[in-house]
Structures are given as C-alpha cells and as structure tokens.
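Only one structure is covered here, and it is reproduced in the block below.
Chain IDs A, B and C follow the sequence of writing; residue 1 opens each chain.
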C-alpha cells in the first residue's frame, strides 16, 4: 500500500530544505539565460506544472490521507475562470486569477464540508462524482464555456509594469518563470506545512482519524484547510496550463485522466514527503516525452528486442506514442503493488536499513 | 401521461441491466471488501466480445452470453489470483487506486487494439419495437430485460440453494467465521470476482445491440454501478437489483424531464445525496 | 466538593441491544475510580458515550458542571477529558515524540513548545530514549505507555484509561500502576477500566461494577470484592 516514510527520518529544522529549495530555484532561474531551445523550455514548463499539481494534491492526499481523485475539478475551475474572463470580458489573466482562486477555494470548502465525513473509499468515490458533476456542468453550460468545443486563448495582453513592457507572452520564457515561481512556492509551503501544527494534525488524521479526534483535533476543519490550500494551487496550475497551451475544453481540463495523473505524480515519488511529487513529476514528464518522441520504441529496436520493420515494430512505432494513459495505468498498478512508498520512500527505507545494519555491525 | 409511462418503462428495462452490473460489483465488494473501479471496463469487454462474435461468427448477442460469461469469468478469476489478491489487506484507498489502474490498462489496451472508432452491432431486431397498450417497447431492450431476469433468477438460486453459493454468502457476511467453518475463503474471492466480472460482461453483451461500442464506454457504467450499489447497500444483491431499476428509471425520467445532456449529472447528484443521508443504502449493513 | 464527572441515567442502544442501561454514578476530583465488570458488560461503551465517540441514547453526562453529551470528541478533549483506547491506536508512521506532540498541540499553537511538553511527558512514562523511533514499531508495553504520554500531553483534568494494563507482563503492569498513582498525586482524576483485580484494589478510591449494561454495585474496593452479587457476576471468569 502507498505509505509515507516514518517521521523519524525527517529533519527538524527547515533551514536545510529551504536553503536547498532556494538554491535549486536560483539555479533553475538561470537556465533560460543559457538554454534557448524551445523544446527544453517546454519540457521544463510541463515539469513545473506537474510539480505544482502533485505537491498541491500531496497536502491533502499525502499528508492528510484523503485521496481525492477529483482534483481535476479545481484545475478546471482555475483554467476556465481565467480563460473565460480573458476571452469574453478582456480581463487580464493576472487579475482573472483572483476570482479563479476564490472560486476554487469556495468550491473546495463546499466539497470538503459535504464529503469529508465519508471514510476511505467512499470519499474517493464522492470526489470522483463531484469532479464529474463539474465537468458535466462545463460541458452543458454552453453560453459560459462553449461546451465541448472549448475556448481558444488568443492574445494574452502584454504585461506592463511602470510603463515598461515586461513580456508579450510570445516566447516560452515568461511561462517558464511563472511555473518556476509557483513550483518553488508550493514546495516551500509543503516544507512549512510539514513542520507546522497543521502538518502534525493532518498526519494524525491520516494515521488514525478517531484517535486524532479524541486528541482534540476538529477533523473537518483541518481537512478543509488543507483542501482549500490544495485547491488554490491546483487552480493556479490550471490557469497557467490553459494560458500556456492556449486552449481549454472539458475533456482535457476536467477529465478523470487529469485527476489520475495528479495522484500518480504524488504516489510515484512518494506521498507525504516534500520531494516525492518533485521526483514523480520528473519521472512522469520524462516518460511522457520518451513515449511521444518514440524513444521507447527506438530503445527496444536498438536493444535488439524488436525488429524495426516487423509487424510488432511498426505497431509500436505507430501506437506507443499515444499510449500515455496505458502506461500511467500500468505505473499506478506497479507502484501500488511493488513500491508503495514511492521512489523517495523506497530510497529512505533503503538508507534506514543500511544505517541499522551498520549500527548492528559496529562493535 | 403516456410519455411518463414510456420513459418509465424504458428506464425499468434499462435498469435491469444496471442491476446486473451492480450485482456483479456488490458481490465483489461483499466477499473482498474491494471497490472495483474497473467494473465498467468489464462491461466494455463483454460488448467487444459480443461484437466480434457477431461480426466474425454471426453469433447473436443474446446467444453470445453463453460464451461471454465463462470467458470473462475466467478473466476475472485470473485477475483476482494474480493481482487483486495482493492488496486484500492494503488501505482501501490504495485498493481503489489499483483497480483504477487496471481499468485504465483495460480501456487503453482496447484503444490500442481496436482504435477508438465507434462500432455498431446491428442485428435484424436492433431497432424493432412493438406497441403494448399505448407505449412502444424496444425489442432489444425487452430481450435484455428477459435475459437479465433469467440470469438473476439463476444467480439467486445459486446463492441460496447451492453449497458454493452459501459459502460465498458466508464469506461475505464474516470472512473469519467462514474460514473457521472450513470454507476456503481465498477460493471464494476468486470465484466471486469471476462471477462479478462475468455478470458485468453479460450486461455488456446484452447492451451491444443498442449501444455504440468504443474503448471508453465503460467509465460511465462504473460510476453508475456505484450509485446502484450504494443505493442498494454495499454487499446486498437484493439491494443492487432494486437499486438498478430505480437508477434506470431515474435516469430515463431525468432525460425526459430535465435534459438529456444532464441526466448523468442527476444520477451523480443522487449519488452524493445517498452518501450523505443514507450511506448504508436501502438494504445495507456496513458502516460508511 | 462537587463531582468532576456526573453520569446520569445513561443508556446506549445498538438496534435492539442495550449496551448500557440506566447507568448513574459520579466521580470525585483527584480520585481514581475503577470500572470493572465481566466481558461485554458495557464498560468501553460507557467510555465511548462519555467521550463523545457516539452520543448516549438516553441520559446526560455532566463534566465540570457542564453537559457534554452530544459534543464531539475534540471539544470534550479541549474541555479537559482525555481517553486511551482498549486496542492501542498509535499514529504508526509518526515518531514516538511526534505522537505526543500531537497531543500537546491541543494546548498550544507553537510546535517548539509542544515538543518541550512532549519530551516532558515521555520522561514521565520513561520512553524518552525512544523519542525518534516510529511508533508503529514499538512492543505492546511501550505502545501503551506512549498512549498514556500522549493523552497526558493534552493537559487533561480527567483521564479515562481503557484496559491500559491489558496484555502486559507483571513488570510492565507495575510500571503502569505507579504511573497511575503518580498521576493521581499530581492532582488529576482518573477512571480506569481493568480486569486485573489486584491492580484495581491498589489504585482505586472507589469501584463501580457493570454487568450486562447495568450498574451492579458501587463502593469502596474492599466492599466490592466481598459483594456476593459481584462475585456471582464474575463466576466462571478467571479472577486474577
């Protein structure tokens, strides 16, 4: 089962992790000065978005133990609010973000208050049902959302500060920095939450809800706090994604696939850890691109496992690129069956066992 | 009034098929306490099997049930033995994640193998109907209702009158006690999954003449099956039977009186209401 | 002095079964009340009703002069009543120290301050050397001590201990007994469910006996142990 690592292996002072995160941020901030390949920048934007979404889920799912498989609802609300206000009311996205976040947080409060009294699998089911309701609303409210056609984002207004034009949003660089900033923010928030009263209470709720309740923890209130926090970051990611890709529709914005991807990012890396969603994001983005660029098929051919011109070879070359969700499904199953602590958790367990073995062997 | 009767009737006929799907889901939950999120994909499997049996061998979908059931029974049993059995003691959230993964694997493999083209299985009676006292009755729907009724009757007989059926019920009621009584509970889990999967696939085969067949068709069935099972009470076969008919009727009436695009939403809202106010369902005992 | 806890005609029904039937008694502050009875007598059910795990079907629970039946467990904990569980419930993936920190956070918002309180309580139960161990890996005796430390950290005035000596060896039970007496010396009130009769005799100021959901007897330990009705109720049970 997916499990977080024991807290004894976690360091107390936030100084080290914060310093590490800021250092990484600074290094990443310098990258666009040296790297101009749009493809590389594109991958990084996807990576940052994945980090944001996975870490946001991690707050309520990994630390709080409430496995929402309906986070696409918040993603979609963020995306649609910003895009609708931009395209139909000419509201610049940085202002549109305010109502987007407010709506997402309000939605989270409503959903939380209704569903948090449900336990385990029933909560999971309810979260899926809610997300489907939101998606169907977007699909059917054609006057607001264009229904299944979706909305194209044309011409984001230039960002002007103090008379100077900062960016026209034509290149990928502004999205790179927006993604980086938000990813740093959500990771730092995770570091803070982990060491705060909120973090302790969430983990207590995750470990044993009734025991937590008997220790003075008001369950729904703390779950709601985590969910509101989680929803706002997820909505922000949705808005960023829609602006970056330039298009939003109910299937790609509020579908179950998105919710599953979000959960997968967190559990692959390791839920309940700061680094887990980051590792998960790296793995998933790398994997997606390897699939899309047919690298996997190339590897199989080079390794002599498959002949390029054989039926299998041709089949793979044509289809593996689109087999995203199939691979994701396999990954979910494999992680749950064999690596429930995720990559970070497994590494931590390995390190712990090594320490214990060395301690035993010491005279 | 006749519009009401009409939509009520087709809702009930459809509801029987929902009931069949729900019964499969509730049996799996009853015996293993696992919520099978891949259930809709098993329906999809039945649909494709019926489709290929029809187009390649000319087998009528209603007859294909005789092949579909054992084939998917074996598939379900295999799935339980190799994969699902490993997570019997895991956190329920993780069990559900695993079945979500399995569902994704199934639907996307179908997409890989069969492409996402919509397929249609047209039999000679696919669009026939006859009139009965002012309402029009769709022949394929009536046929699936009758087959469903027969299958359900056989299932009830199996659960109540046979040794294995009683063993399954005992395991569902109290796994530890059943084990102490000498019942091989691991085998019961395998059998129950087989039955659940088989029933879902049979439902798919019965729906094949009237539904578009494509890889993602399973997903709404999964969610609807959950509504049926929660309404009827997790683990209650009787509950799933009643629940299926109720949901079928609700959906049909919603399509007519609310809007066809929103009928699914009505069902999901009903789902949330049930979870909130009567989580044990009509016949259920388990605590939510 | 008015009682710190007053249980008035509490009944709890599950379907047709009366797990508690018209139970009434009160607990004086700074005392230890032993709650005994054969298995299935309704002792843990009574604890659950008192602490808000579920509300009583009938009757009232008055704590420090305030009606608390119907309140949620977290509110009741904040008011000063804490309970341990018959089947221990450690927060398994958290460290021993963090378990107690969670308890201490009931009284303070500051995590560093909570950690200090937590370390204090770990010293009281003599578990401080295992502060960084994952709670799930402890042997049963230490898990019980951890649970006591955890509830002590919530700063209660009334402590409900549910079979805290269950499954312990004599040395461990001895530790728990001196812990209970120590807690009593510090001015807290306790209600203790126990099967170990010798322990009950040593720690209790008063004893309440439940049988089949009803209160069978109440009084000083020596009175209870010689009460013929009590002895009959226990006939067939191994009396320690």
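Note that in this section a residue touches a chain if its C-beta (ideal position, glycine included) is under 8 Å from a C-beta of that chain, and two chains touch if they have at least 3 such contacts.
Since this is a predicted model, take the numbers as computed values, not measurements.
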item	value
Central subunit by CA centre of mass proxy	A
Chain located farthest away, centre of chain A as origin (C-alpha)	C
Distance from the mean Cα position of chain B to that of chain A, given in whole angstrom	33
Between chain C and chain A, distance of the C-alpha-averaged centres to the nearest whole Å	43
Intercentroid distance (Cα basis), chain C paired with chain B, Å	48
Chain A-facing residues of chain C, complex	51, 53, 72-75, 77-78, 82-83, 85, 89-95, 98, 101-103, 105-106, 109, 111, 114, 132-134, 136, 150-151, 154
Residues of chain A defined as touching chain B within the complex	1-2, 65, 67, 69, 114-115, 117-122, 124-126, 128-130, 132-133, 136-137, 139-140, 256, 260, 263, 267, 319, 323, 325-326, 328-333, 336-337, 340
Residues on chain A engaged by chain C in the complex (per definition of touch)	3-8, 195-197, 200-201, 203-204, 206-208, 210-219, 272
Interfacial residue positions of chain B with respect to chain A in the complex	35, 83, 86-87, 90-98, 100-105, 107-109, 111-112, 219, 223, 226, 230, 259, 261-262, 264-265, 268-269, 271-272, 275-276, 279, 288
